[in-house]
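In the two complexes below, subunit A is the common chain; its partner is subunit B in one and subunit C in the other.
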Partner chain A sequence: MSVKMAKVLALLAMAAVLSSIFTGCLSDALEVDDEAFVLVLGIDEAVGNAVRVTIQYPTYKRGGSGSGILGGGGGDEGGGGVSRREFGEVDGTIVTTIEGPTIVEAMDFFNTSISRRISLAHIKLLVVSESVAKQGIRDYIDQMVRFMETSRIVQLVVCKGKAEDFIRENVTLTGESPSKNMELMILQSENIGLFPRVTLPQFERDSKSPLRSSYTAYAGINDFQNLADGPAASEKVFKWRYFPGELPRQGGVKREFLGTAVFRDYRMVGVLDSLETTFFLLVSRKFQKGFLSVEDMDAPGHAILLRLYYEDSPKIGVKFQGDKAFIDLKLKLSADIGAMRGESNYERIDKLEKLSRHIESVIEEGMKKMIEKVQKEFKADIFGFGQKAAGNFLTIQEWEKYDWDSRFPEAEINVDVTVDVRRTGLIFKSHPLGINATQENR
Partner chain B sequence: MRTTLKEGKFGVNEGVSLVITGIITKLFYSSASMLVNSMGTAAWYGTIVSCLTTLVFFLLTCLLLKRFPGKDLTEIFVETFGGVFGRLASLLYSAFIVYYVAMNLREFTDIIKTYIFPFTPVSVILVSFLIVASLLVSLGLEVIARVSLVYLYFILGGFVLLLALTSSDYNPDLIKPYLGYGLGNTLRVSFFRSSAYSEVLAVAFFAKSLQGYQNVKKAGITGLLISGGLASVVTLLYLMAFGYVEGREPLSGLFQLSRIIYLSRFIQRVEPVFIFVWVVSSVITVSIAFYVSLSIYCKVFNISNHRPLIFLFSYLMLAVSILPKNISEVLDIHMIVVRQYSFVLSYGLIIVALIVSLVFKRKGGKA
Partner chain C sequence: MKKKDNFLAAFFKKLAYKKKPKAKSFYIPEINEHSGNAGAGPQDPAGGGGAKKEGKGQGKRSQKASGAAAVSTDINENLEFISQSFNLPENADIIIRQFTIAGEVRAFMAYIDGLVNKQLVSISILRPVLSLKSGDFERGKKLIDFIINNVIEISGVKKSANPSDAIYGILAGKTALYVDGCDSYALCETQMFEKRAVETPRVENIVRGPQEGFTEDLKTNVALLRRIFRNKNLVSEYLNVGYRNNIQCAVVYVKDIINPAIVKEIKRRINSIDVDAVIGDGVLGQLIEDEAWSLVPTMLTTERPDRTAYCIAEGRAAIIMEGSPFAIIVPVTLFSLLHSPEDFFLKWPFAILLRFIRLLSLFLAALLPALYIAITTFHREMIPTDLLISIIKAKENVPFPTVLEILLMEVSFELIREAGVRMPGIVGQTLGIIGALILGQAAVQANVVSPVLIIIIAATGLGNFAIPNFDLAFAVRILRFIFIFASAVLGFYGITLVLVALTGAIASMKSFGVPFLSTAAPRVRKSFDSFIMWPIWKQEMRPDVLNPLDTRKQAPISRKWTKEDPDSGYRKGEDDA
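Coming up: the complex of A and B.
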């Protein structure tokens, strides 16, 4: 064997040895199978310690999703005839609550009874109860973002009532993976535009920023008591505004995401309902997909369903006269008709124009009211108008001296919405009922 | 002064890659946060001012090299300051570079420990890192230069990929107000921050390997301009992702950025990919500086083989790197010295040498 060959072999042997002993050597070695990855973490007010923490993690059992509250799999009984529900088993996951001095120490407290090490590396959702959110969540957010193990793409949600109760209702009814279920639930924001999707880093950035205020999704539990029985109303009632827990529905998962929680300086100062949230997302350039219906102006009691799109990005201009800010918001939308009453015949060019103006006025009116509520009542710039206003100042010192947070409520905001109905769905000529209708409508 | 150390030869491309790798690696560390902390929203163009300031200093260095064709800085110091003072000046550089390597090593170790290996002893990370760097140094300058050129594409690709994958988090409004903490502050801080580009001097110490003054000038200027442009773009996008308040907080801004990548349910949590780029780039940077320090020492004492000294220098660097008590001391004192005030030494001696050579009309060497 030549010297060169011996050297090569020695190097290969060294690489083989080093790669085997240096992979996850020492105390940082982690076996994935030794960990229990938290999917949802909830924060509630504590009674006997600083913070009450609820976590939800998978059972890691084959067919685990079928062995929970819905039965199947191992049935509803645990060892010794104890209900699995008592163990905290919720549909393929375990929900357990503890109180501790800090969130991270609470994880160690959990580890006193859980054989696998609790890890926050793949956490999907951070749920904060409304009462905690109103007191301020800076300490909790700081604990989460400073802790190296926490996933940075965790979504933040404020829930009505207790976070613990909310998480116990977080069941997986569709599919088998609780993790996938959680992620898809969060992504629904992009499909419906009825709640925002906000990650922890985004919330933290906005909360610290002197350019804007923060917001996040609002959620709650629906106890299925809102679907009223009794005789039907004589006239149709259109209702678009709901808060979590108020939707008239029965069956399915009880927890629901609906609306926006508004924050100022890490404290929750108010909430936006479902419709206001759609308007808010439209202003913030966060609206991706979603429907909105307006009442038919020619036929009250009938709705026209629209799919909204951005024609152009929202344009925000901020000017100052003295110390007062004047904000111009221009929103250009286009809409496709999704459904309408055939007789209204809005496909006609003249009527289409009329419909566009009608939608425009409905959206503009709703948007103005929503902005006024956030500006005057909550005094929080969740729209990011301050980011545009800062362009009028040369230096950070000048900007911070102006103190946007305190001046924003006094700003004058002009909203200008333009809507153009572009398409009429799969039908381009409605056929009204009646013997002569076809001829009249040609 | 005759040097017997054989360092091999390499071209302008390798020289450029040495400069770029040496300068931009710090962006993976606390550099971006420190820039935002000191200049606010002006950090992205402030770093260009720093780059241009360094360019002026580097052109002065080239002027000095031009007066002594075929000689590197170590030899020029002996020619201008005389045997004793010239050697002392070179030794001062060597000692500073030991300190530079040690502090970079410590910063890297602390960040690795914070983000990835919280329970692994510092000594294990430091020693493993130094073993790899020592191996590269033992193979010599030519190998380091060629390795740095090969990996430069990989490192630049890593930067581009990282910045592209986080593009959905950019908000151009976050760079307002445009003047940061004021023009005066930006100019003052940028002038001092020119130290962060002083890695360009490596090519002046390797003037012989670069085969002439023209190549040194070309490699230095090209490397500086590319590094400055890249640093500016990275800082701009970093500001657009974090803003000037949150942007000054992260220990490693770019690594923090990599942790928020979410393209879809299937492409997320991809930060380990970037750790690879980060580590490779850090190893090359430390190796370059390690070799410069060792090379100067060998030239000063006319040592023809640098290998026996590698262990001693490694030990010295290890000892210095564990001197700071905590991460705050590393970042608030030592990194400020290295990246903000070291230009006084880096360029001070060169300017003095240039003045001496002009006043006493000292010049020499072969073209």
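Coming up: the complex of A and C.
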């Protein structure tokens, strides 16, 4: 190779390397500890500006509050001393509120006092206050979704009351890690089926889709006032329906997730309570596992506890007669008996059949009511029936012309629930107490 | 009075300051190349010149034997030739023993002290020759044949009519015998020198399998091979390299398996080497390697006879060099560099597990620090939040950027490694203390590096040691730094760029005509032992890329017994009857 050739090659190599360096990401490089990672972001109605934003970010101090190496027994970090609370310190995190024209600009406003650059790359929870949600949240969602740095797995929550108060109550009582607490809290949806789990991009997609309406989790603050004192009720009361803040509960974290907020066109139109949420999740294929009790038909005043599973995924069929849609919803569930009084031998095969029919009727009834509420009252197709309905149209233009959003409330929905009780728990035979009863039962 | 004067003068001289005469210091004078050669010329007529041509090629050797092309029939001339060749009398090692056979024929023998068995020389050469009676023989050119055939009591004797052969024989430890009036030497194999015994391999340690490794002695090494590969077609060809150190290397292969072109190419490359001193297989390897500029080695070095035997049975060739306890195996692919000799001695599921661990170790060693930099400085959204926060908490008091931290620790680790290799064994204990305590714990406590980094560096180090091939591990060590720089500048994108370039470079490499990534790229017949090792009885064919003369290693059904009924067998459900 001649010298000239070598020089040309070296020049080319240098150009390749340097161009990649100069046009590269070096200016975007940041050390990990230069950033403050927001875990929770709240949106409230503003008084003096467009939006009031509350953020919660970790303090990066060793150990959380009340525990860890430094905390010890009630040190200045432990127990949330008054002096620290003043600065908005909440269990290893700082909660701070600001008003700004947009969310992203509010982040810059925050950085006038926060030394680390605010980053939304690890945000876990986006809390929107109910009043803001009712006015419509399209521009906030767009800011969050369009902004490149926002985490794609942020969970959207509508909270009863102010988001700022909600976040201030978002304390870490178990363990030290606020982020872990947030992640696990969101995952509870899969364990209990009492609130849905909706990420921001999913919400955005549902909102814009002509096939369905969006929904998200509903949350609130429980101020521990519902645990009424006084004499116990003479008869047992079974109650499954609660809204956030209504659970008779004392102690622990004040914020709670319960129920579903239903949206139409980015505007919150209503809420589903805890039991309705379970039914809703069952219909929309989001249900993982959860318990449900029904009243014992042989022993009124007692409950039979059931654990529900899908036996088959829900089958939705949509047919049109003229302009009217007929929706067939077929749900096949299996249930385990978790607990019962054991007066009659439900484990016997014929009794089991009877029990199954009973559960079926209970679920079907609740589900019908819930669907009716959503359909007639909220007029929002949060179930995604539109997805199936669209299959009856040849082109998307025809479908858009049909205007599902306005026609959905007129649709006729048939619900058919089949339940098979498969397992009876660790007891395979039960009978009432006493010899006579035993013989009778045989 | 005068005497007193002298005394006083001497006294004052001692008191007074006197400039010391400057001592002359030594320097090496420059030598004009032309005159230097001219000066060196007469000093070694055959030792340098003759041997040089010898080293240049066996085929050319006879025609190029300079000066004395034939052995003179006069003893004085031969004496003169030997002593001039070996620089007598300065050279004290060469011993020329003159004697007279039966009182009438003059003779001498020459050998190098320390390379021969003196007892053997005295008893088996000198004694029988000296005890010849005058009527026993006839003088003349045939006398040397008579002595070789009837007198010398040594198994290996060769007649040589070429003076440079004789010189080379003496250099190799043979004893040259010359009798007056003859035109050739008798070269007797009397070599005996100190050598290391066969020991356990030092680099390639394994748990299951033979525990002997090559030594520095070529013949021993070839013998070790022949002991476990008893085949008449196992050929070891000896070639000379280095025109000044005239060292032998053996090309070992199985003649009816290997593709003859491979042997031809190896011999062509070795014979063409025009270097004065080739010492050790490392030097030879660099001289015959295809990819001289590549980081990744394209040859396999092993110190295990069993692995060498396995490789030559596959249709590869081994190059073993005198004075080096390693065999170079060519041609190889990248996959064979990731194999360990242990794989073949283990059941195949174990070997597969080990291979996956090795692949992981390769990736850890090459990429882990770079990935850490990329993730922490560019792609923070990829780390789980909890881990991120704990990384941040640990790094909170560290003043350096992550790249600097990594480089600091990498350099310290490389220092510990190098120091560990060079450190005398007696003080080796201190290294652990320095390495573990000072660089690990203290650096973290002093907030110089964050504790996560120690884990990264430790995992990287472990990964590097788990790579079975020393040369490949070295390549990975250097590549790691390239990856670190790339990721510090461009993040994942940089790592990807380097990976693409590296893969391209490796894919374009060849090892003695074999594409270095073959069985993967280019695709060839499925190999049952490339990355995943299948059961031994499934490995029926030799590697396709080697184009061996015999492609089949095993019969289609290698375990014949599985198709036969045992002599005392029963079927399930049969009565014992």
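Annotations for the structure displayed:
Criterion: the second predicted complex is superposed on the first by the 391 of 442 C-alpha atoms of A that agree within 3 Å, B and C clash if a C-alpha of one lies under 4 Å from a C-alpha of the other, contacts with A are read in each partner's own complex, and residues count from 1 in each chain.
Rule of thumb we're sticking to: a residue touches a chain if its C-beta (ideal position, glycine included) is under 8 Å from a C-beta of that chain, and two chains touch if they have at least 3 such contacts.
The shown structure was predicted, so the numbers you read here are calculated from the model rather than taken from an experiment.
Of the two partner chains placed by the overlay, subunit B and subunit C both lie in contact with A:151.
By the touch criterion defined above, A:210 lies against subunit B but remains apart from subunit C after alignment on the C-alpha atoms of chain A. In the superposition on chain A, A:391 contacts subunit B only, with no contact to subunit C.
With both structures placed on the common chain, the touch criterion links A:138 to neither subunit B nor subunit C.
Of the two partner chains placed by the overlay, only subunit C lies in contact with A:124; subunit B stays clear of it.
Counting residues of subunit A touched by each partner, subunit B versus subunit C, the larger count belongs to B.
Of the two partner chains placed by the overlay, neither subunit B nor subunit C lies in contact with A:376. When both complexes are overlaid on chain A, the residue A:399 reaches subunit B alone and has no touch with subunit C. Legend: residue contacts after superposition of the two complexes on their common chain; A:431 is shown touching neither subunit B nor subunit C. Judged by the touch definition given at the top, the superposed model places A:58 against subunit C, while subunit B stays out of reach. In the superposition on chain A, subunit A positions 25-26, 28, 122, 151, 180, 183 are in contact with subunit B in one complex as well as with subunit C in the other. Contact residues on subunit C toward subunit A in their complex (touch as defined above): 376-378, 380-381, 385-386, 388-389, 391-393, 395-396, 401-402, 488-491, 493-494, 497. Residues 40-41, 114-121, 124, 128, 169, 171, 173-174, 176-182, 242-246, 256, 259-260, 262, 265, 268-269 of subunit B are the ones that touch subunit A when the two sit in their complex.
Chain contact summary for the complex, subunit A toward subunit C: residues 20-21, 24-26, 28-33, 35, 37, 39, 58, 60-62, 119, 121-122, 124, 149, 151, 177, 179-180, 183.
Touching subunit B in their complex are the following residues of subunit A: 22, 25-28, 122, 148, 151-153, 180, 183-184, 187, 199, 201-202, 204-205, 208-211, 384, 387-388, 390-391, 393-399.
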